[in-house]
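The following pair of complexes shares a single chain, subunit A, combined with subunit B in the former and subunit C in the latter.
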Partner chain A sequence: MSVLTRKERPPGADVPDGPPAGAARRMRPWTPYAFLAPYLALFAVFMVLPIGFGFWTSLHEWDVNLPRKPFVGVENYTDLFDPGSVDGSRFWTAMRATGIFTVASVPLLIVLPLLTALLMNGRFRGRNVYRAVYFTPYVLGVAVVGFVWRFLLDGNIGLVNHYLGLDVQWTTDVPPAWVALVGVTVWWTLGLNSVIFLAGLQDIPRELHEAAMVDGASARHRFRAVTLPGLRPVMVFVVNSTILASANMFGQSYLITGGAPADQTKTAIYLIAETGLRQFDMGTASAMSFVLAAFLMAASALVFGAFRERDRT
Partner chain B sequence: MTRDIRRLRRALLHLVLAVIAALYLSPLVYMVSTSFKTREDAGATTPRWIPGPATLDAYREILNSADSPIVSWFVNSLAAATAHAALVLVTATPAAYALARLRFHGRNTIFAAIVATLFVPPVVLLIPNFLIVNELAWVDSLPAVIVPAAAGAFGVFFLRQFFLTLPGELEEAAELDGCNRWQIFTAVALPLARPALVTLFLLSFLTNWNDFLWPIYVLLSPESLTLPAGLGNFQGANNIRYDLLMAGAVIAGLPVIALYLVAQRWVIEGISRSGLKG
Partner chain C sequence: MTSPLSRRSFLGLTGAAGLTAALTACGGGTRIGADSPPAASAAPSFAGGEYTGPKVTLDYWNGFTGGDGPHMRAMLEAFNKEYSGRIEVRNVTRRWEDLYPAMPTAISAGKGPDVAVIHNDWIGTFAARRTLIPLDDVVGALRLGESDFIPAVWNAGVYDGRRYSVPLDVHSLGDYWNRAHLEKAGLKAAPADRAGYQDALAALKDAGIENPFWMPSKWPAHLMFMSLLWQFGGELYSEDGTRALWGSDRGAQALAWMVEQIDKGFSPAKVAQDSQYAAFKNDKVSFTWDGIWQINDLKANAPSLKWDLAPVPNIGGTAAVWASSHNFVLTAQAGKDPAKVQAAKFFIDHMSRRSTEWARAGMIPARNSVRRDPAVAGLPQIGLAADVNAFHFLPALPGVGDVQSKALELAVAKAVLKEASPADALKEGVATADKLLAENKRKYGG
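Presenting the complex of A and B:
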């Protein structure tokens, strides 16, 4: 009976849902649903319902404090796409900030963790200590990280200016603020991607490297012919999740720059949260979140497409 | 000769890794150091790695501050993270077990629906979940930071993956002994799943403890905040008191660092594995 479950089946695959065999035979028909019920209750209320409800909200002039929430159709959306409107110009400034941060941080968050993982990939004593050290900042929440770096980046008494011999206002000037936000994020999350890469590297069979070495392949050759292809599934995951994480950046900006100067580092999530949850303009905020979500889904599709393209060649 | 070269390369590797590690941890060392400084030392323009006179003043001040009840924040965070992690386990475990080991009508449909939500960017849930939590009268109370996040698909996926790898023979034996499904689940599957359950508990706890965006908007009154949310507000008011800010950061960071050091293997394995199979 283990045959039924041992092998993973892709969702939607053509597996008959019908009468179970083997051990499951004596199961009462409602038993599986009883196992699922507690989770599905949460799933329905806080996952399925809000998706529809959010869209509904985006079609209304919705303020949680007002009794009337008039239907306005796609007006919240057309407003966003009119750069002359207040909401539109704010929104695209924030989308631009999100874009700048994502484009600047993602390459660093792929390359540096990969290099770190490669350094740690050999078998040597203390490897697990290094791995644990590089992962430590990630365990801390953004609140702690934001505090520490706000201090280190302080224009007057911060360590960063002191040791670099600079006089830069990291938290209130662009582009220094972008350097600061990206740098802090790399420091904070490098360990996450590097442990994922490291686990992926260790799943590549040793024999492949040995065979390539016997064939006289240089280290660079082996990296391109063995390591990178072996890492591809991990790479798709890391690239995709890093883009999504960067595009959802909030805490660093909230805590370190506060969106300064002039909202230039205020990211889309930051603007959506403020618009919906501080100003209670929830219709506009919902419309913003669906437009941002569309961008995020397009980015994911592009990543998967790019890696599939390379599969063929 | 070649052995010497190899030894040299190894020493060099250690040197590189150790230097990076030292640079890497120095911000945290400086954070701890500053938390033991006097107000004047913390604001000095030349950095000192070892506090001149070490003092607990910053901790004393922040722990006694009337408008930032950091002790309540700590208790709230502990309660919320524990309750959240427990809720994830209680709901995700049986669901993952059913999806992995039982066959029933609608299994593929339910699983596909759960998979589909992985592609939904969480930002679309922000506003409607606030409205739902508001409807439930949970705004400004701990259930708001405990319950909604438990609807995420991660726990179910993580555990389902684990249950798929269990051999079927033990379950069959238990069934021949006359166990029903619930008994098989609790007596056979759960004990075997203990490492996976511990990992999921830790990951859920850490995520909830560190959560920032949601609590700062859904918790309002000073005494109901979690630690990161409280500190987030606190910063605005105490911009230049770095001794206080660093003491607050240590108080918020120390518990998770301690937990991480104790359970490092589970945390790292759990995260790297879920990355590979995500």
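Presenting the complex of A and C:
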């Protein structure tokens, strides 16, 4: 970890003393912008423009196939906030479903992968096999996962009920449908967060653990005083990306429950896809996306706030 | 399984086509197609006879992914062989629920079909969107009229005074029954009335079939509900397409009968999508109502199952069953090229004459003359067409698919899943449907 300072450099190294004067002189005011330009161009073309276009769409009655796309102002948005409108009630049911799924899945997708990573971080025979076992489901596509679990979980002809001797309607009843969707998602994506946590754990200097041990800290103390603070930057990333991924859940409920019972497990992205791509109503779908995006940005801000490094005075 | 899944879902995914911005309340009172150029007004008219123009390639889209697919492909191969060097038909088969949303967009991009097969209830939506070109001259050249077809199918092809389709077939819901189960209960055939059906179910239960009749909450639950609604004397939508009528007492009776099957223990509760059909194939269910397109699937994929097909029983007092129809249409994309229009019309004419062959795909030919053909009359599905007046079709109101999926199907699912009583579920559904119908009226005009 230590970085060689100039004084420690071995005598043979031929490094000129003083700052590289020539480089500073050649620096033009636009140099940083020149370095930024390629990324800025990509960012503008693939992020700013589409977002702007999406917002423009959301202000229109935008039917993909019709030449006429009349401007309606914020009507698409006010419709969403009008509980009496068809779109409004559908949208908030979907937002509620998204919220339930996110709240139920995120804690599990943080705690279980962390525990898994702590176990994987130990030294034992066949460690790589176990790591692979946990990561394997993640390489499957959502179509495979959805299709397989839909039949395994079927309440009347599925293998899960058959072998466990249960009579639970995993795909057509709530809350069992939520248990199924969260369970499948955890099984499927646990590996990714575990691998990230594992990398984070391996980045914590051993010396810190050794120092804590010398000071007589128990394993639990070391976890709280060394491991968790050491994982903080990784944790911010994992929590944030897991919240976003859970809030964008679509494939599992599309394939496993089909939104059942009635529309109770139809998530926001599911509804947005249906509205925009099946009903061609891009204006409403875009407005829905922007409302969802606002919620997600607020959630991210809260996460960053919660993990902000406190001033050490 | 592709076929059953796709077929069963095609209505379920209704949202698909022209369904549109129907929901967005718009101040401008826009009407679909208001600014569209008149579709192919310059297209040459069709006088019948052989196609004589330059060589053209036609893109042909359809959703025949199941047991009917091989028959359609065989008919196409024969056509391409016969007219090679003059017309080449390129076949694109996609699942119905993927085909409908993709078609209008692809057509406006010039990458869609020149000629396609769509269900009758989509004709109004697509015609209102100017996705289709009228075919009055084709049926004129074929000398076809209402008396040649089941009237409801024939009339579904007319929108705004012009004909947009040539019907190929009719397909309806049927009552599939497990012969071994019924024999066990001492029955020789599926009963045809309400009391007989209930007695049979009780007898089957006594004979050890735990749940003889599974009640689905999704596809084809709404088709069962519509069939029952008509049987009890109800109607789906008002003539002018502004009001949903399926929330009536008759609708509640129909839906209550479906829920009753669960309460009496004939069906397990909360059956998941496609489970009832999978269970039928696996010899666990005695009766299941499903489309006749499953005939070929059962023949191919459940060879050891002993089953038979009967008309849907008359529960409500009037013989009625949900039906739909595959229809040839010509698209606005073909309209850009007069040679393609001629070739496509020739193709439609040719295919519509081949409906005897098409009947082997499990369908009921739409032409009366073909149904009476001895080569066809012996097929299992033809028995269902003994009384063509029993066939009821979804009206071809523009945007009706949207209303069905967002309101009617949801109401049926809520009641069958016991989330609401049949009357409450229907009341809520009708309120949604009426809002959507008003939106559609504004959007598509009328």
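In this text, the second predicted complex is superposed on the first by the 262 of 313 C-alpha atoms of A that agree within 3 Å, B and C clash if a C-alpha of one lies under 4 Å from a C-alpha of the other, contacts with A are read in each partner's own complex, and residues count from 1 in each chain.
Note that a residue touches a chain if its C-beta (ideal position, glycine included) is under 8 Å from a C-beta of that chain, and two chains touch if they have at least 3 such contacts.
For clarity, every value in this text was computed on a predicted model and none was experimentally measured.
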Which of subunit B and subunit C A:G155 touches, first, second, both or neither: second
Which superposed partner A:D87 touches (first subunit B, second subunit C, both, neither): second
Larger contact residue set on subunit A - subunit B or subunit C: B
First (subunit B), second (subunit C), both or neither touched by A:G216: neither
Partner chain(s) touched by A:V133 [first = subunit B, second = subunit C, both, neither]: first
Which of subunit B and subunit C A:L277 touches, first, second, both or neither: both
First (subunit B), second (subunit C), both or neither touched by A:E75: second
First (subunit B), second (subunit C), both or neither touched by A:N65: second
Subunit B/subunit C common contact set on subunit A: 64, 150, 154, 156-157, 277-278, 282
Complex interface listing, subunit B residues touching subunit A: 10, 13-14, 16-18, 20-21, 24-25, 27-28, 30-31, 34, 43-47, 90-92, 94-95, 97-108, 110-115, 117, 119-132, 134, 147-153, 156, 163-165, 167-169, 171-172, 175, 180-182, 184-185, 206, 209-213, 217-218, 227-229, 231-232, 235, 242, 245-246, 248-249, 252-253, 256-257, 260-261, 264, 267-268, 271-273, 275-276, 278
Residue ranges of subunit A touching subunit C (in the complex, touch as defined): 61-68, 70, 72, 75-76, 79, 85-87, 90, 150, 154-157, 169, 171-173, 258, 260-263, 274-275, 277-284
In the complex with subunit A, residue positions of subunit C that touch it: 13, 15-28, 30, 32-36, 101, 104-105, 107-108, 129, 131, 214, 217-218, 268-273, 275, 278-279, 282, 284, 402, 406, 410, 413-414, 417, 419, 432, 435-436, 439
Subunit A to subunit B touching residues, read off their complex: 1-6, 8, 11-13, 15, 17-18, 20-24, 26-27, 29, 31-36, 38-40, 42-43, 45-51, 53-54, 57, 64, 116, 119-120, 122, 124, 126, 130-137, 139-144, 146-152, 154, 156-157, 159, 162, 187, 192, 195-196, 198-200, 203, 233-234, 237-238, 241, 244, 248, 250-251, 254-255, 268-269, 272-273, 276-278, 282, 285-286, 289-290, 292-293, 296-297, 300
